[in-house]
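The data blocks that follow each hold one structure.
In the two complexes that follow, chain A is the common piece, with chain B as its partner first and chain C second.
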Partner chain A sequence: MDSDIIIKLNKVNFYYGQSRALTDITMNFRKNKVSALIGPSGCGKSTLLRLLNRMNDLIDGTRIEGEIFFEEKNIYAKDVDPVEIRRKVGMVFQKPNPFPKTIYNNIAYGPKLTSMNTDDLDTLVEQSLKQAVLWDEVKDILNKSAMNLSGGQQQRLCIARALAMKPDILLMDEPTSALDPISTAKIEELIEELKKNYTIIIVTHNMQQAARISDETAFFYLGNMVEYNKTEKIFTNPDVKHTEEYITGRFG
Partner chain B sequence: MTRQTKEIIIKYVFFTFSLVSIIVLGLIVFSLFREGLPIFGKVSVKDFLLGMEWYPTSDPPSFGIFPLIIGSLIVTVLATIIAVPLGVMAAIYISEIAPQAIKEILKSVIELLAGLPSVVLGFFGMVVVAPWLQDTFDLPTGLNIINASMILAIMAIPTISSLSEDALYAVPREFKEASYALGATKFETITRVIIPSALSGISTAVMLGMARVIGETMVVLMVAGGAAAIPGSIFDSVRPMPASIAAEMGEAPFRSAHYQALFAIGIVLFFLTLFFNLVADYVSHKFRQVGSGTL
Partner chain C sequence: MEERKHTSSHYEMELQEIKNGLIYIGVLTETAIQMAMKSLTERDSDLAHKVIKDDDEIDTLDTDLEERCIKILALRQPTAIDLRFITTAIKITGHLERIGDMAANIAEKAIQLNEEPKLKPYIDLPRMAELVGEMIKKSLDSFIGNDLNMAEEVRRMEQVTDDLNEQIFRELLTFMMEDSKTIHRSLMIMQVSKNLERIADHAKGIADMVTYMVTGESVRHQSCVSDEKEPA
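Coming up: the complex of A and B.
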């Protein structure tokens, strides 16, 4: 049971300056599962996600208490280099954010940082784009700017870019909220496919999306984790009344 | 009065005011050409621009401004070589690296630098830099190309730095986050994402800095040495175009050939600055439109 836990949070509190954004979060994320974080805006779900690859380090005046273990190692220990963590924990953002570079160079950006040789790079770019189901659409325009792609393609490019680092975990922060329904469906299919090889933690505002794609769902409210369980259970028979009210749309 | 008439009146008031400044500028350019062009009845354009001798008061006078053009260009290029690394590095440090407190201090110091009157900088070049150069390198005079270039570089740094800083700030936060999330360090993010994205803005900053330097008068008048000859080394004196105009206009008789020649130098200078501004404009537009996709 314990062996398939990849991330473990232990009494995590998080502060932006004086205000507390997360209170006493203790939870485990399981390997090769899709875990969804849901809750109203400002409930701390994105903050939690950004804690897992230490992206919140980039914001001045933030502070964390507690421990987050990634494969048994506390990623907030003093001797841990956040750069190392971010190479193992990929992230896809809310708004597609390809670099203003060519499609090829977008994918190659991360691997080049780790000084790979170029032969492998071509294979890796192809492989990553195939994984993100984008290869057929872009294979002839690899040297064109990524900015010319549609929003949905850009987002799949961003996923491919994250995959090129061969991460263990993929964090997704509302990856479809800026996309149309067709692109959203494609991304959801992709997530379904990716969970065979990756652990995916996704923040979403879209309850149906959480129900469709996730194995486990955590409901957050005002910086607290209200309920965390199998998605099926959360959506059919939640233990907490609050969760039920949110899911059925009575507040939020 | 109906609301509509008010709108129309306001529209024309603003139109009139913008027209005034355009007309005034147009008239200045017109008088520049009216006073300067007649010289080309006495000297051919080619002899004027490429002539090697500038003896406006000899008899017969010779009006070759090639040494002056070279003087301007060499001083500008050298000042740019000094100012660009300093200005751009300062901008990168301020916008990306420095902690808040240091950032504020540095920004105000650089703004202060921009506020220094050029005559003060010229004075500094004359009484501090010149004697030091003279002693250190054992030169006949410290008023020379390198001195003028250094002082001009100091004048260009605030322009280059503050405009580059704006360009760096304008790089979307999303690009930086994407880079960090892929495991890039701060240095890698700066060199591979932030600078390429801001490159058009930085180039514009450099061009405008150069335009500022080439038109600067007081500094080159005071510290460039004033020799109207092609320099052999960076320790030689030169006489850049603005310095010639400023130094000689007072003694040139009204509407004499000398007077007209000085105005014609003004025309050349006008085209040079115009060129720099157009290039700056072109660079900033060109890169923006294609999404800098090939960087």
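Coming up: the complex of A and C.
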């Protein structure tokens, strides 16, 4: 496997019961890049994202065919512990979902639960909050409830919480769709900063957001991957007509 | 290829209006060239003054069309073919505006030439003017029809105008050498020819932008294709 490829999907089909949500997906995600998944509602973006950290395992009646390699390892092999995968592949959701705990404990909770080395929890909390560019705003209120933070702050807290687990990959499912433009800009700025150390895969309905922050963009339609290309290429001159119709607003 | 329409009919209409606007400016510039040439060949200085005055309208329309394009960029944030369409439209209106200026330049020279006796019958200049008029029309047709072949044809025609311009220069040079009294008029006619040749350059510029718009690849500043095909 190419050294700059971190995740590789090989002929992946995915089913919810009888209905197939993803068809024959073969694609590579590159290390330390931001990859965006775009496409109309129901095309399978979130499903694909959840496949990458085995979150779909938690849904009854689902079935996967094909292989997904994380670095060299097939993450659906029998001997793989899904919990370990979820630690390495963190996830941030559309709606900020902090735990009803203090800011400090939101960050410390995960590392304490797992067998991570938590000798210096204070340092880990500070580091994670700094990485998520939230430290300055919360350093004096670490023992206040996370529920009192603004939506944008809560989302950065959720990113900090994911980072505290020291993942390699960060999955984000429409992370800014519930945020105002300023909070959105802060998250976008953060993503560009984080890609130095992490691989980021983001689902977004905001074309401009995909164009602004991603290096590569994949367009999905009805469970198929229609085009996967450099973001610049997708937004100036995509190879596939259907991609062009979608991103220029010719549909329906 | 048949383009599907945008889901937003307002957006669709805004883009259509940009197209229509360019065609309209194109027609005005073609007319300006024709009238400027007529003012020269028929020694009609009143007509020449009208061409110079009418150029203001082309300038205003150019500014207005450019502003509408910028507004679409800001408000619609076009991508892919729409982005290439808008950037192409901005370039095309710029080319047309310059073409209008050159028609006005020709009209100015006509006014001066009409003050003096005719140097010789105008033969090559009207031919050249007809050719560049055709080029403008074809370059805009290629834009409307996404027609790469027609854009290529405009590039070929541009070489013919280069040749014609050179031929006119040589002929006028012999006039000037034979009779120094013809120098002023000869220089003036040379400038008319030069203006027509530059109009052809602008038409080629439009054709190049059309090729970029359709293919996404720039052909500007490349040596001519037919040159490269010459056997070594």
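The criterion applied here is as follows: the second predicted complex is superposed on the first by the 245 of 252 C-alpha atoms of A that agree within 3 Å, B and C clash if a C-alpha of one lies under 4 Å from a C-alpha of the other, contacts with A are read in each partner's own complex, and residues count from 1 in each chain.
Everything that follows uses one rule, which is that contacts are C-beta pairs under 8 Å (C-beta built on N, C-alpha and C of every residue); 3 or more make two chains touch, one makes a residue touch a chain.
If you're wondering where the values come from, they're calculated on a predicted model, not measured in any experiment.
Of the two partner chains, chain B is the only one that A:86 touches; chain C does not reach it.
By the touch criterion defined above, A:150 reaches neither chain B nor chain C. Using the contact criterion defined above for the overlaid structures, shared-chain residue A:236 touches chain C, although it does not reach chain B. Shared-chain residue A:26: touches no atom of chain B or chain C. If you count the residues of chain A touched by chain B and by chain C, you find the higher number for B. Looking at the shared chain after the overlay, A:162 reaches chain B, while chain C stays out of its contact range.
Residue contacts after overlaying the shared chain place A:208 against chain C, while chain B stays out of touching range. On chain A, the surface touched by chain B in one complex and the surface touched by chain C in the other have no residue in common.
Across the complex, chain B meets chain A through its residues 100, 172, 174-185, 188, 192-193, 196-197, 290-295.
Taken in their complex, chain A has these residues touching chain C: 207-208, 211, 234-238, 241, 243-245, 247-252. Partner chain B is touched in their complex by these residues of chain A: 53, 55, 58, 60, 83-84, 86-87, 90-91, 93, 95, 97-102, 109-110, 113-114, 144-148, 158, 161-162, 165. By the touch criterion given at the top, residues 1, 3-8, 11, 77-84, 216 of chain C touch chain A in their complex.
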